[in-house]
Structures are given as structure tokens and as C-alpha cells.
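The chains carry the letters A, B, C and D, assigned in the order they are written, with residues numbered from 1 in each.
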């Protein structure tokens, strides 16, 4: 059910191919793979802050303080306080724990399922491929978020439901990606050599296919984490995600929205900045990885 | 009757549980805009959509408040909610034996199809609401028989002496529809309703907007002044506020409390709170241990800092509740001393209970309701101080109602309002096991409450009734089946071009009095 | 056509061009010079990687973004162009104005050089149509005419076809038709037959011969195939690793008496139907890649006649005759090629 | 071409069937009893049983599936508990709104992406390119609802050019009211579209056919339009087609934020009110919309790229 890929001719000039559009970093960044470093540092800072949260802030992310509600940013409260008097900086930092953890964990299962599914269909082809790809087509026919939200409706709120719902939907992207790679690999000579040498398909798949195709999937998983963060945050925004008082960027933004009219922009903007920061970091890393693994062209 | 306002808005549940009344300027919009003029189209943005315009069907405010504009009732609630005023009925009288009421009707009222409003229509209408599947049938269950001595007189015979009947007749569910739905089926009538009210139905695009237009032949001469009113559905409170600011709409129902301050600073917008019968509470399931223990419930009610919640969540728009009956009814006991906030006392009370060192429990809140979420988090932190460990659970609003009905919860917020000016029905609904939903889902049962409620409704003299109601309020305060939190006003923000908008305590918009300046 | 005094139509002088690869620059062409008279067909011969295609692209200003012209001028029909100033907009415009009507080009791969989503007829005339304000109908007739000119028989049927619907040979004919549509005075050909089957190659070559006679346009014909040069060209320039090795306005002279060892080696490695049984020579080693280039004669490492002084400095033209250029310190003067070949055959 | 399309249509049949099946299974996985939630917890068990019978919930699952299919074939999507009305009627009002929103988003996304991509492709390492890429990365990281409320705040309130949500009556007013929500949804796919178009344009600009066109003396502007834009546009169309799911997801979120009465807000209301039939119908329709858009995309693709008709 997918539309055909544009079969654009590639240049035959025996020169360096023009940089393709995948990476977003300019040449000077790419030269030393700076974007991998920058992304790594950006994400590292977040992870570090999340892990060391109790050390870098003395506030509790969930304890209300009726005397200090809706304060603006100050030395005391870096990002100000919310309507219940909680320190927004603290909540943003603790929010990293819940949002990023689920986003990352929710990548693992689809990654593995997609890898197995994709390798098997790509390697064996034939009717297995036809049937399994039809299943993938059906899942992709549903808009991503609509299927996720319907699944959450069925499963109920909370981290576990989000995790299951995302897994049910996002394995397809991995499967397609891996299948494509596997089909290319299958036709490579070393596979024929292995087959001729009587090496079992399982061994071929594990030894040669998995590592080769996994790198592609790994790069994709970075943008998948970004997507997951978006999904979690949006679900929480609709009140279908992480249950309060657990700090979470989505519910913080949802709560903060009603204060926009009153001029309290920070309540919405700081968690939003955290989301954007995370996405930027991950897309830097994704580009950097692609560059490092030489699959960005 | 009362109903729990359940589904307030899909996403950003606006003022659902909260909105309180320090009710500074409850005078409504004055006539300061000059003398009333006719004409104009008003747009009112609301969080919720009406579900049905057939008077005997819906229980949600979004439907009810439109029904009240389309149809007339025999009597109308007074603006302050403390009595009823004539409407289709010009006078009414209880018989000497107190077992019947006679209503004399005006003769100049006509339905929008031109047909005059007669006593036969009244009988048909009340009978619709007496059908078993009508949610408010119990209100009319006291009526055993109706007589129509002439076309404009109705006699209601009651099972027992029934003081609240004139107030019951003001209920929207007892709205007068043409006999036999003017020859239509109920569902056909529901999609093109005919009433005798100030406005007549024009069209309804489900999910988007519902428009009513001026009934030029309305019996109250000179009203309504507006040409049309459009009710739009805008779930997001921010969007409603911005639409008002940009002049797209005239009235914003329930602006977010947090935005009221900034709204008040805008030159073209008025914000007003109107006394409402709404009472917010924290429900407890007394069938479950350890909430079955009175000392536990009492400790909880002492541990909750209602003032802090009022300030943080309702922004002071409201009043901490002492009694379960709201001040909008004459039965309210203002002298009642409820369990006040005192952490030390709460600890002491809990120490006397079956769980002296605390326990773990849950509060279930509707998903997407930020106010409930804030309230729950504050309660959670308050109760933590006396050793009660609360986990917050969320359920989608409909599932939460189901869970409450099934007794499948520990604690949950709720609210109740009344559509009837007489305290009888709300006193039963929120205070007795059989008067509604098992004493607001708590499962609390008290024979004494039932007896007092019966006494109050039979007595025709107000002081006897008041004494009974005072006693009921005391019993509820002693037994704490739920923690009454706040009396909450209705909050509306509207363009300064809108005049005369003053919803009543029972929520009625009284749109026939509204007019717009150019 | 052999009047030496005739002013050259195209002259390229001292063209040096560098390619940027992975942040470093390498010279792909060095001090390249050659000239071409009106109506002359010159073969530009060399192995792949010798910079033949880049030379053609430099002439038309079609270099890839990573190519930088360090120095070089071009004279076309008496007008001089500074190839090193192509970043200058007006300078670039001047070359752009030559395209189509002055100089046009035929590419190596017909399958990628035609836009896959536009009918071929339209591609043949789109440039002319725009320039000459032709009517659509007239343009279409002209396209059919051109297609017939290059030997497409059922041109009326093929004019609306998409490139993917045509065979390689037909596509190449279409490209030729497009290249001659603007009646250019010079056609650059970038190995136009390499991608085709041998039989089709022959047909295309005959199209070229036909066109030369018909249109009188000059040809600058890039190829690695000396046999093609022999068949089509009047003159030849031999390139190796971005440097001119040998050049002559008289093709026969070079073929009979190659003076540069590389030319000689090339000729020895060319199959010749006249000499069946001869063991083909193969040049030892392989052409250096861009980053392996060194001082002196680039061919020195593979040269049979190599001496110590070959690798010390840039080798100037040592031919001593105006119609010939030979960049070699130790020219092959003693023997004729025939003598060498005879020796090998025996 | 016709045969090609027929084959394409045939291939869609199992997917459509799969979509129907999944929407059916999903709702039967959902906990709770629709009949009971329709009548309330206090309802008489006999009444519940009667309603279950009336709705066919007492039949076996395969039997229910068959009658569900039968119902769908007759254009019947069931009855909404919340709206007390036929879902088919509701859908007839809601679907066009969402479709209009999606189409408008796709158009806006193209209008925004094409200049950005061209700009960035013609000088891939320039400063503007860098800014465009940074903008893309930031937009890609911003949740749609956040972008929406920021747009409302600035373009709906501060500079009140657009209505701050709502769906007025009248064609012109409606189209105008859809601009801001459509822009929000469009922005969510702009980064992907710019990226894809930019890659295709760079590829096209460096391609032999562009070099050949230049060698013929074709000026730069027709090359940009007839060659680069057209060829890159083909991959743009397929990106846009694949992204219809993202557009629909965006519509779900944005209809809430802007109070647009489309299928997305219907689904959300259905979810919050446990209106099973509505959730089922909306899920189904969203799936079908995607399948149809894929078909249309293939059709457009085949029109633009003659090669596609071969396969």
C-alpha cells in the first residue's frame, strides 16, 4: 500500500556525489562529526540532570507550596513556580526521568520486533514476505497517533499503556526499513557464498544480516525516540498519558496553557523548551551516527 | 433536581469542579449600557455540547440551559434561587387537605406553531416526565392524578402533602410541550422542537453549534430583545478566552479561573460571578475499609487545607463550605461549625481510628481535568502529612461515572447543583441513600436523614422545615460521608456590549432579558 | 579544413582545474591547452580519470560544485572567456549564452541525461523553442525533422514518447538531435557510444559522420577508443592524468608516428582487425588516482622509456613543430609504430 | 493506465478489509459493556440484556463480525450513545471538515516547503540553509498542540488576523477559520517535506539531465520549474502521500485545540465519553481516508511520472 519510491536517476559523473539532504548540519560540522558531539553533550546534560536531579535542586517536584504560587523566574526558582507553588525547574528536570525513560524504553521492543520481522521477510521473501508486509500495510493505514490513542483508550492511562500502544504501532517502520536492507543484502555475493558453503540460514541471519541492518535501524531509532517524546507529551496533554503528580512535560504544558492569557508564559515555555532541546539533541545524534556509519548519503 | 455535572469539556476541562464565589459583583450586567435596544445576534461559547432538546431526556446542563430558553414551565425559579415566580401559571394554591395543588394558567401563551398552550398540553408534558425511563421521573412520582377543569386550569393530586410542588414545576424536565408532540414522533420532535419559550429552535450542527432565534410571538411583550443566539462548542478554555478577546463571541461560559484576573484587565470584557447552587466535594467510599471508619473520614476532612485549595485552584472564586446545603437555598445553615483545617487535630483523630499510623488509598480523577488534577495533588500532599499515602488515578470522565456508580473507587471529587429552588430535592439527593446516588456514591445510609427529609417535605410551614434541614446538615457534618469543599459561583466573561445577562442560581440564562449595544 | 592559418574556432589555454575531495583539493587538469578549427573534429583521448569529461564541462560551465578552475582561458570564435572567473555572474552569463547555438554537448549516458518525465520531442526543442519563440506546432515539426535527421525512422510516433520507452540507441539519437537543434558550431561529445552495444555504436558513429557533412559543425570528441578517433576525427589530443601528452592537428601523423611513449602504448593496446594474431600490449600498472599525482611526467612510473630526469619537473612541449605538441623528454623518434607492431607480431 | 489502476485498486482490497477488521477487534478488546454504559450502572439487568440483544452483542464474535460488515456495506456506522444519533449522519458533517483541514494542510505545507527547499538546495552550505535546517529541527521537536497554541496566541490574539479557533458558518469564514489550524498541522510535516524535497532537488540539480538541459542553452528559470521542481515534486507528492497519516494525527490534536468540529474532535469526544461506536467508526474512517489518499497519491504519481505506470 505504500506509494512507489521516486526512482530518480543518480549521477554517473565519477566525482564526489553532492551531499544529500539527510543531514541538516553544515559542512564544517560534518567534517569532524561535530553534530554527534553536540547532540551527545546536549543529551548527556539532560540525562545527567535527570539522574542527579536530587543533587542539583533542593525542591521536591511534587510537594505543593501554597505560599509561593506562580512566581516568576528568580535565583531562588530558576524557572519560577507553578500554580501549586512547585519549582518549575525541578519539575522539568524530573520530567526528563519519566518522559525520556518511556520514550527510550518504548523504542526497544519495536526495534527488536521490527528487526526480526524485517530480516525474516527480507531474507526469505516469497509468500512470507507478502503476508507479513500486508499486515504491516494494514497497521500503517491507521494514522499513527489515532491508533495509539485508540489503544490507550482500550488499555487505560499510564506509562504501561503508552508503552504497549507505541510498540503495537511503531514496529512497522523498523520492519520496513530492515526488510529493505535485508533484501539488498540477500543479493550480495557473500550470502550466496555462505549458502553454497552450507551455512544454515539462522547463522547467516545472525552473523551477517543482523549487524548490518541494525545500524540503519539504530539511526532511525533516534528519530523514533523524538516521535515517542511527542506522543507521550501529547497524550499527557490530553490527560491520557502520565498520571499526576508525576512530573511530565506534556501535562506541565497542558496545565501551563491556562496561564498563558495571564502572562505566565514560563509554565508552558520551559517544558516546551525541554521537549525541543531533547529532540534537537536526538536529531543531532541521529545525523551524527548516520555520518559516522557512512549511511547518510 | 440535581445532577452531577459530569462531562465538562473534552480536553481542557474548564471550570468543571471548580469556580467559587466570593461573588463580588453578582449584580449581573447592569443597565449601564443605556436603554435596552432590540436586535443583535449573540454568540455564546460553551465547553460542552447539548445532548438532547427533548425536555424529559437530558441531564446535562448544556442541554438543560437551552431547553429553558425554548420552552416554558408553569413556574420559573427566581433569579436568587430562593423561590419561584409565575410563568405559564399565573397563580397556584394548595388545597385545604394539602393533597392537591391548583394552577391557573395564562391564556395568551402560544407555541411557535401558533397553537395555544392549554392544560391538556401540561398534562401530556408531565406524563412524559413520569415515564419510567425519564431520569427525573421521581420528581413527578408524587403526582397521582391530573385534572383539567378547563383549558387553562390544572389540578395536581399528590400522594402526600407536598410543599415543593410549585418549585418542582419550574424544573426543565417539566417544560410544557405541545400535546402529542404536535403530531410528531418523539425523535422527530427532538430534532425540530416546538415550545412557547422566548426563543425558537433554528438549527443544530452537532459538534459545532446550535442556533435559536427570537420568538416574535412570545407572551412576555417586549422580549426577547435578541434576534438570535448561537451556542458554539469550544472545549478549550484558552480558545474561548481568545475568541472573546477578539470579538468572535459575546459570552464565554466558564473562563478558566486562572485567567479571570487578566480578563478583568481587558477594557472590552466584563467578568462576573453569579451565585450558583454548585457545591464541590471530595467523595469517599464508606463501604471500603478504612474509609468506613468515621474517625478516618473525620481526620481526612480536618487534614485538608480547603483555603489553600480555594486559593491555588479556584483563585479565590468560591467560599469554603461548612454545610452540605448551599447558601443559595434558604435551608442553608450558616452557623454550622464544620470540621476545620487542623493538622494536629487530624493526627489525633486518626490516632483514634483503626489505622492510627495511616494507610494507602487512591483518588480517581477524570483525565484531562486540570482543576481536579491540581486539587488531587494538593489533597495528596495534605493527607501525606498525617500519614495517608494517596495515589492519583485517572479515568476518562465517562468511565469515572461508571466506576462511581459501581462503587469502584476510594475517593473522587464531585459536585452537585440543583435545578429546583426548593431545598427538598437537593437535601435528599446529597443527603440520603435513596434520594439519588447512594448519598453521592458514598454508600452512607442513615434512617434519621430519611425521616428528617420526609418531615421537611410534608411540613408546609417554613420554620419547621428549616429546623429539619438544620438537623440534616449537622448529621452530615458529624458523619462526613464526603468532605464538602466549596460553594462555587457560575463565572461568565462577556463582551461589554452584552447587557442584562444574569444567570440564576439554578443556572438558567434568562436570555430574554439580554440585549446588545451596538 | 587543413589550412593551418585558419583562425581557431575554439582554443583552450592553460586550463588547470582542481577537485575538492574530503576537504582537500587535487589537480584534475593541469595546464591543458588545445585548439580546434571551424568544422574540425578533434579526438580527446585518454583512459578514464584522465580528465576528458571535466574538460568538456569546463568549456560549457557545467562543472560540479566541487570543481574549481585555477587558471585557464577559452577563446571561442574570437571571443575570450576567463574560465577561472566563473563565480562572477556576468562572466558566467557569457558562457551560458554560447550554449546550444554556439556549443552544445552530447552526454555519455543517454538513459540519465534525458529528463525521465518529459517527452523526448519536447526535450529536443525546448531550448530552441524558448529562444526563437517558435509556435508549439512549428516546434513539434522541427523536433520530428531533427529526429529524422539523426535517423529515427518513425519520428512522428516517437516524438511524444518518454525516454524510458526508447532503446539506448534511440535515446542517444534523441540526445544528438537535441544537441544539434540550436545549430551549434561546435558539438562536444562525451563518449557518446560507450554505453551502447557495438552494433548500435556503429550506427551512431555514422550519424556523426553524416552530421559533420550536413551541418559543418566542429566536434570535440572525447573517447578512450582510438579506433573511433581514427574513423571520425581529423586531429587528436592525448590526455593522461590531467595532462596533455601529445597533440596534433594531423591525426595520421600521430597514428603513424606516435612520439610520446604513452600514445605509443595506447596504440599498441588497441585491437586492429588488420593485424589479427598480434598479442595486444597492455600498459603495466594503472593510472594514478588524484591523490597519487606527483612532480614530472605523470606517465613516468609506467613508462618503458623512463629515465631519471622524467620525475623532476613539469615537462614542457618539446615537439618543435607548431602543429604538434609532445610533452616528453625522451620521445619515440627512432621507430615507427608499424615497426614496433611488426616486431610484436613476429 | 486503466488496467494499472484496477490492479492497484485490487491490491487495496485486503488492506481495507484489514482496516475494518482491526477497528472491529479493537472495540471488542475494550473493557466494559457498551449496553451497560448506555443505560447506566443502575439499569435493570433485563433492560441491559435486551439492549445487548438489540445491538447483537449476545451473538458470537464471528457472527457479530459478519453483521458488522453487513452494516458497513449498507453505509451504517452505528449509533452514538453520546449524541443520540446515527453516526453516519454525524460522519457526513464531520468528515468533510477533517478532509478540508487535511487538504489545506497539505497545500500549505507544500507552499511553505517548496521555497525553503529550493533556497536550501541551491546553496546547500549557505547561511540561509543553516537557518532553515535549524528551523526545521526546532519545529520537528515542537509538539503540534504547542505550536497551535502559540499560533493562536500570536496570530489569533496579539495580532488578531485569524479567528482564534471555532468553526463559523459561511464558506469564506470557514475557510479563513481553517487557515491557522491547517498551518499548524502543515508545520508538523514541513521539516520532513523540506528535507525530502531538498534532497530531491539537490539530486536533480546535480543530475545529468539538468546538465544536459543547460548544455542545450535552456535558461535557468525553466530548468528550475520544468526540470528540478517537477522532478523533485514527484518525490514531494509521494512524501506528502505517506505523510497523510501524520496530517490526520495532527488533525486529531489540532481540532481539539481550535475547536474544529471534525472527525478528530468526534473521536476525542467519543474517547472521553466511552462512546464505543463513535471511536470504532472514527478509527475506521481515519484508516479508510489514509488508504484512499494512498490510492490518490499513486494516481497523481503515475500522472506525473510516466515510469510508474509500468510497474
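By our rule, a residue touches a chain if its C-beta (ideal position, glycine included) is under 8 Å from a C-beta of that chain, and two chains touch if they have at least 3 such contacts.
By chain, with names taken from UniProt: A, D = ABC transporter permease; B = ABC transporter substrate-binding protein; C = ABC transporter ATP-binding protein.
From a predicted model like this one, the values you see are computed outputs, not experimental measurements.
Taking the mean of each chain's C-alpha atoms as its centre, the chain lying closest to the overall protein C-alpha centroid is D. Placing every chain at the mean of its C-alpha atoms, the farthest one from subunit B is found to be C. Our note on geometry: subunit A versus subunit C, Cα centroid distance of 52 Å, whole angstroms. Averaged C-alpha coordinates give centres for subunit B and subunit C that are 91 Å from one another. For the pair subunit A and subunit B, the distance between C-alpha centroids works out to 46 Å.
Contacts with at least two other chains are made by residues 9-13, 18, 153, 156, 238, 240, 257, 260 of subunit A. Each of the following residues of subunit C touches two or more other chains: 64-65, 109, 112, 116. Among the residues of subunit D, those in touch with two or more other chains are 149, 153, 206-209, 231, 234, 256, 268, 271, 305, 307. Taken together, the subunit A residues at the contact with subunit B in this complex read 62-64, 66, 69, 83-85, 153, 156-157, 238-240, 243-245, 251, 254-255, 257-263.
Across the complex, subunit D is touched by residues 57, 60-62, 64-65, 96, 99-101, 104-105, 107, 109, 112-118, 123, 126-127, 130-131, 162, 164-165, 175, 178-179, 181-182, 188 of subunit C.
In the complex of the two chains, the subunit B residues touching subunit D come out as 7, 10-11, 45, 49, 51-52, 57, 190, 205-209, 232-236, 238-239, 242-243, 245-246, 248-249, 367-368, 396-399, 402, 405-406. Contact residues on subunit D toward subunit B in their complex (touch as defined above): 32, 36-37, 40-42, 82-85, 90, 93-94, 149, 152-153, 156-157, 160, 163-169, 256-259, 261, 265-266, 268-269, 271-275.
Taken in their complex, subunit D has these residues touching subunit C: 206-209, 211-219, 222, 226-227, 230-231, 234, 304-307, 310.
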